[in-house]
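My structure is below; once you've seen it, I'll send some questions.
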Amino acid sequence: MRTACLTLFTVAAALWIASAPTRAAETHRFVPERFYNTYSAAHPPALRIKPGDRVVTKTIDAAGVDWNGKSVGTGPNPQTGPFFIEGAEPGDTLVVTFEKIETNRAMAYSASLLAPYAAEPTAIASRVDRDAKRLTWTIDKAAKIARLDQTDVQPGGLQIPLRPMLGCVGVAPARKEAISTATPGPWGGNMDYAWLNAGVKVMLPVSEPGALLFIGDGHARQGEGEVAGTGLETSMDVEFTVDVVKGKAIGWPRMETATHIIVLGSARPLLEAFQHATSELQRWLMADYGYTERGAQTFMGQTTEYEVANVVDPAFTVVAKIPKSLLRR
Amino acid sequence: MRTACLTLFTVAAALWIASAPTRAAETHRFVPERFYNTYSAAHPPALRIKPGDRVVTKTIDAAGVDWNGKSVGTGPNPQTGPFFIEGAEPGDTLVVTFEKIETNRAMAYSASLLAPYAAEPTAIASRVDRDAKRLTWTIDKAAKIARLDQTDVQPGGLQIPLRPMLGCVGVAPARKEAISTATPGPWGGNMDYAWLNAGVKVMLPVSEPGALLFIGDGHARQGEGEVAGTGLETSMDVEFTVDVVKGKAIGWPRMETATHIIVLGSARPLLEAFQHATSELQRWLMADYGYTERGAQTFMGQTTEYEVANVVDPAFTVVAKIPKSLLRR
Amino acid sequence: MRTACLTLFTVAAALWIASAPTRAAETHRFVPERFYNTYSAAHPPALRIKPGDRVVTKTIDAAGVDWNGKSVGTGPNPQTGPFFIEGAEPGDTLVVTFEKIETNRAMAYSASLLAPYAAEPTAIASRVDRDAKRLTWTIDKAAKIARLDQTDVQPGGLQIPLRPMLGCVGVAPARKEAISTATPGPWGGNMDYAWLNAGVKVMLPVSEPGALLFIGDGHARQGEGEVAGTGLETSMDVEFTVDVVKGKAIGWPRMETATHIIVLGSARPLLEAFQHATSELQRWLMADYGYTERGAQTFMGQTTEYEVANVVDPAFTVVAKIPKSLLRR
Amino acid sequence: MRTACLTLFTVAAALWIASAPTRAAETHRFVPERFYNTYSAAHPPALRIKPGDRVVTKTIDAAGVDWNGKSVGTGPNPQTGPFFIEGAEPGDTLVVTFEKIETNRAMAYSASLLAPYAAEPTAIASRVDRDAKRLTWTIDKAAKIARLDQTDVQPGGLQIPLRPMLGCVGVAPARKEAISTATPGPWGGNMDYAWLNAGVKVMLPVSEPGALLFIGDGHARQGEGEVAGTGLETSMDVEFTVDVVKGKAIGWPRMETATHIIVLGSARPLLEAFQHATSELQRWLMADYGYTERGAQTFMGQTTEYEVANVVDPAFTVVAKIPKSLLRR
């Protein structure tokens, strides 16, 4: 019987953890030297880790520049990894909890124009010379702000609070595909969700043995929609822990924060990303929170919240979420 | 205190108010008896009011049932009004500040299925007998919750906090059109934005003399996206004050709350609603907050937030907003 | 052999015609003097006609200029009509057979740029000063060509065969709406279908007593998609005959030519226009041609043809059609 | 100076051919034994051929069944190839002329329901048990028809003329991606264009050395849009000749027939596929036919024709084409 808030998911996770109690979790320090531009199981694992292990690592920026300002990879979105998670098999769910996502250099860059599909097409007549307009921001970690001092762009410059995030978290996709790191999909990837910050738990569907986890594309801050086509692109210090839920297949990336359960659907057109997020959220409510089909749909109609993560990548990403406080207990 | 924060808009409003200082604002109590199903300047004004005036009125539910449970109008979304605002002319902006939006009966109804375009089409095979599935909720105003007791829909029923809103706020559209109250557009209308609650200021573009303001379609609560196709549909007590900003033309409805400036773009596909909201927000930043074209675009890329108001009306509505705390001072 | 092949449509038409055998059809010569910019039953009938009657009339161009080069109406798409068809009631189908659609002056104008949503947004950077780029073509009716002599636009100029059509054929819409003549919908309207030429039969759903038929927006020629935002805009001599099929309700405009049955669905996004055309075609096959639901879907999968009528109006139009030679006999 | 009709394309082709005059073209007979489900340069070449060479080969059906009714591959769309074309380098254009596309067995299968996005979502309530509804057709090559004898689907059955085509023609994609053969894109792939029949010339952009040509997914006939989600799926005898145009980069697949020049754009949403086709056609007119930017746009507005190739694959395909008879001479 299902009392209190023990969801099926929680039960499954508990059972799995119970079955592997004896091993002490390890912490791996991994400084990447090789970077990848496709999500693919064809790349050799950079590191083999076990469920429960922690990884302390770094990511370079979307154009391939590292924490020393050195160009060590090529765009778009060169990835750290892949991390091979022992015991992860197709049909399982990989759980990645990010303890730290923190900028590790003083420079970030951004675009300075709204991206082609983000604004009315008649409003983009002046869009020219996009590459020349890359702007350089200063990351002031002590003051917790990013600062643009180019007064030719904006008299007085701009300054905004930091909110570090990873644009890319993904695993090897299904069907033996190798997919550009420019794109998000069911495997995660370049979702560019502004609220994928330190503290979140990310769940991804495993399609290949070992899952093959990749991360990258850190932003010191990014607006929702990523409407300028970039965040404040920079390198990051990242720490995360992995877990595997055996035999639990999910259709799209999920997240959990202190306050919400979250689904990230990716597709074009925007509405289809919305549809995937909505349907996956319904499946989650039914599988783990005791809702009937009709109960879930009725409840979602009055409680779901939506955000637009990006409208600039080859697939767009829409987020559907529900406050945990409203879920059945 | 907001000192340098006197925006152009504020200045314009101040000038306008300065030009009409002597008249005392009136409060009008208006109980509607006739309801409209199109936004159109062809309907005779129900009440003539002046800038600064307050209106205390009521709205009936989306199917035409009033606060006594009596059917007095016909769906969809029968409107209270139109209110003719003296001095409002094409090219002005009408400002409506809602002091009160409050449920005034104990019953609300909702649908119990996700709407056709809100979820994956392959997930809707079981969609049958839509009309038969209208659910009845109890509004418990003292406890501040809405309650669904039908345990055949969901064992244990459902209960969620109230968050009263108006689905429809609109004026007569441009080009002498008469548009169904099922739809939102540049004139406002059936935007179904879950956060159009008491306390918000709504700005609408005036296209006809007197603006012709209509309101209706109250929801005791609604999720974002209105993915079930309805909120908790009910009647409302509403109080609002009107103002006019002379000579200020806006392209899409805008809102202001204690924390955000907000734009509501409406269209299909969803991306085009997003584009309208984005471009109108840029125009607002440039006109009223001192941003250059490039400065506005750069700033928006790292700060804009998006919500999906509805994906179920003939036009969908996307909200773009920015926290006031991030705006230039 | 298909004896039961008298379709419902045919039967209904036969019955109707049988019930009105004695009256001789009239020919009305009507030179319009007043033009409308909305489809609406609120406009007074310009002429009352009966089923079987023929109308010989004229249309002015999309900007309001007539066959003498005189500006007598205002854009967009000022309409000739409305024609009130005696006996047409909501739920009937109006049938309009165009015997003649012919240019009646030597001048046409067109735009010279691809419209905002017709081409890749990154390819429209040079789009400036749209109004200034109106081009003037010469209609050479003897040679059956239209000619652009502006060699600054294209060295050597351009010349293409005439193919006269009407961009707009519509009736008063449902729900008492008044809709801009810029837009197509279930009522017909600005569908901008390049193959609505002399010889076609157009069927429209009747929503108001008398149907209220409007026509206008003649093009000496137009490409599919109307991707430049205009055809070769000019005035026309038009002759048509009307009929009414009593008690036959259709969902979207239909056409019949010597070779095809045709449905025109209009909406944004483009896919939704496609969906309406597809579903209406299925309903047609089932109602009039003896297909089962599954038979219709199976057959359509291997035989349907699609064209894009326009991607530039507020709603886009997609055409689904099937060669008559493939239909069941 | 540009005299007469010597386009750049023609010049380039002429130069290339001039540089390799001495070798006699070979004919290769290739019976495939291994089939691929991704477009990728990672697969080893099945055959190395030279420009000018002819290949006589076979394809199996979309589910992997060959001309003997034997299951030899797995869905979706197992491909024959890849063919490595000597001398083809990134930045070149591969030209494939199909001399023969002909059914080689008596059985084809099809679906019997409209696909999820092809029809109105409210019209698909009865969609159940999709897999069970695979229908079997008889290919009568002598009578040139396909016949469905299942009278439970349609009383009297169905019969329609054959029109054999290949759903898939593609090369290795750019950026080292490996893409499922379910999908079309700039590399070609699963475009499902009903008019890719014997006699057409297909042009594809080369992204990898040798191009790596794959073919498959033959249909005895298919409607436009492929709205049932399948054509009449069967195996094929195929003969084609290859050529390479050195140094000519194209953005999307192109075709040429006796009557038209044709571009195939693929994306979701449908409008974006339309946009790619339109913009690529403009680039073609400017590069090879002497049109200015403005001349091309003006001309396209009055002459372009559009078809919808598919709305059922992960990316949709739209065709833009122009009759050769209208092109400048």
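For clarity, chains are labelled A, B, C and D in written order, and residue numbers in each chain start from 1.
Assume a contact is a pair of C-beta atoms (placed from the backbone, for glycine too) under 8 Å apart; a residue touches a chain by one contact, two chains touch by 3 or more.
Everything quoted here is computed from the prediction, not taken from an experiment.
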| item | value |
| --- | --- |
| Farthest-lying chain, centroid of Cα atoms versus that of chain C | A |
| Between the pairs A-D and B-D, the one where more C-beta pairs touch | A-D |
| Averaged-CA centre spacing for the pair chain D and chain A, given as whole angstrom | 36 |
| Centre-to-centre distance between chain B and chain A (centres being mean Cα positions), rounded to whole Å | 33 |
| Whole-Å gap separating chain B and chain D, where each centre is the average of the chain's CA atoms | 49 |
| Multi-partner residues of chain B (at least 2 other chains) | 117, 120-121, 269, 271 |
| Partner chain B, residues of chain C touching it in the complex | 37-38, 40, 42, 175-180, 267-269, 272 |
| Residue numbers on chain C that touch chain D, as the complex places them | 110-114, 117-121, 123, 126, 133, 135, 146, 148, 153-156, 158, 160-161, 221-232, 269-271, 274-276, 278-279, 282, 290-295, 297-308, 311, 316, 318, 326, 328 |
| Residues of chain B touching chain D in the complex | 116-117, 120-122, 124-125, 127-128, 269, 271 |
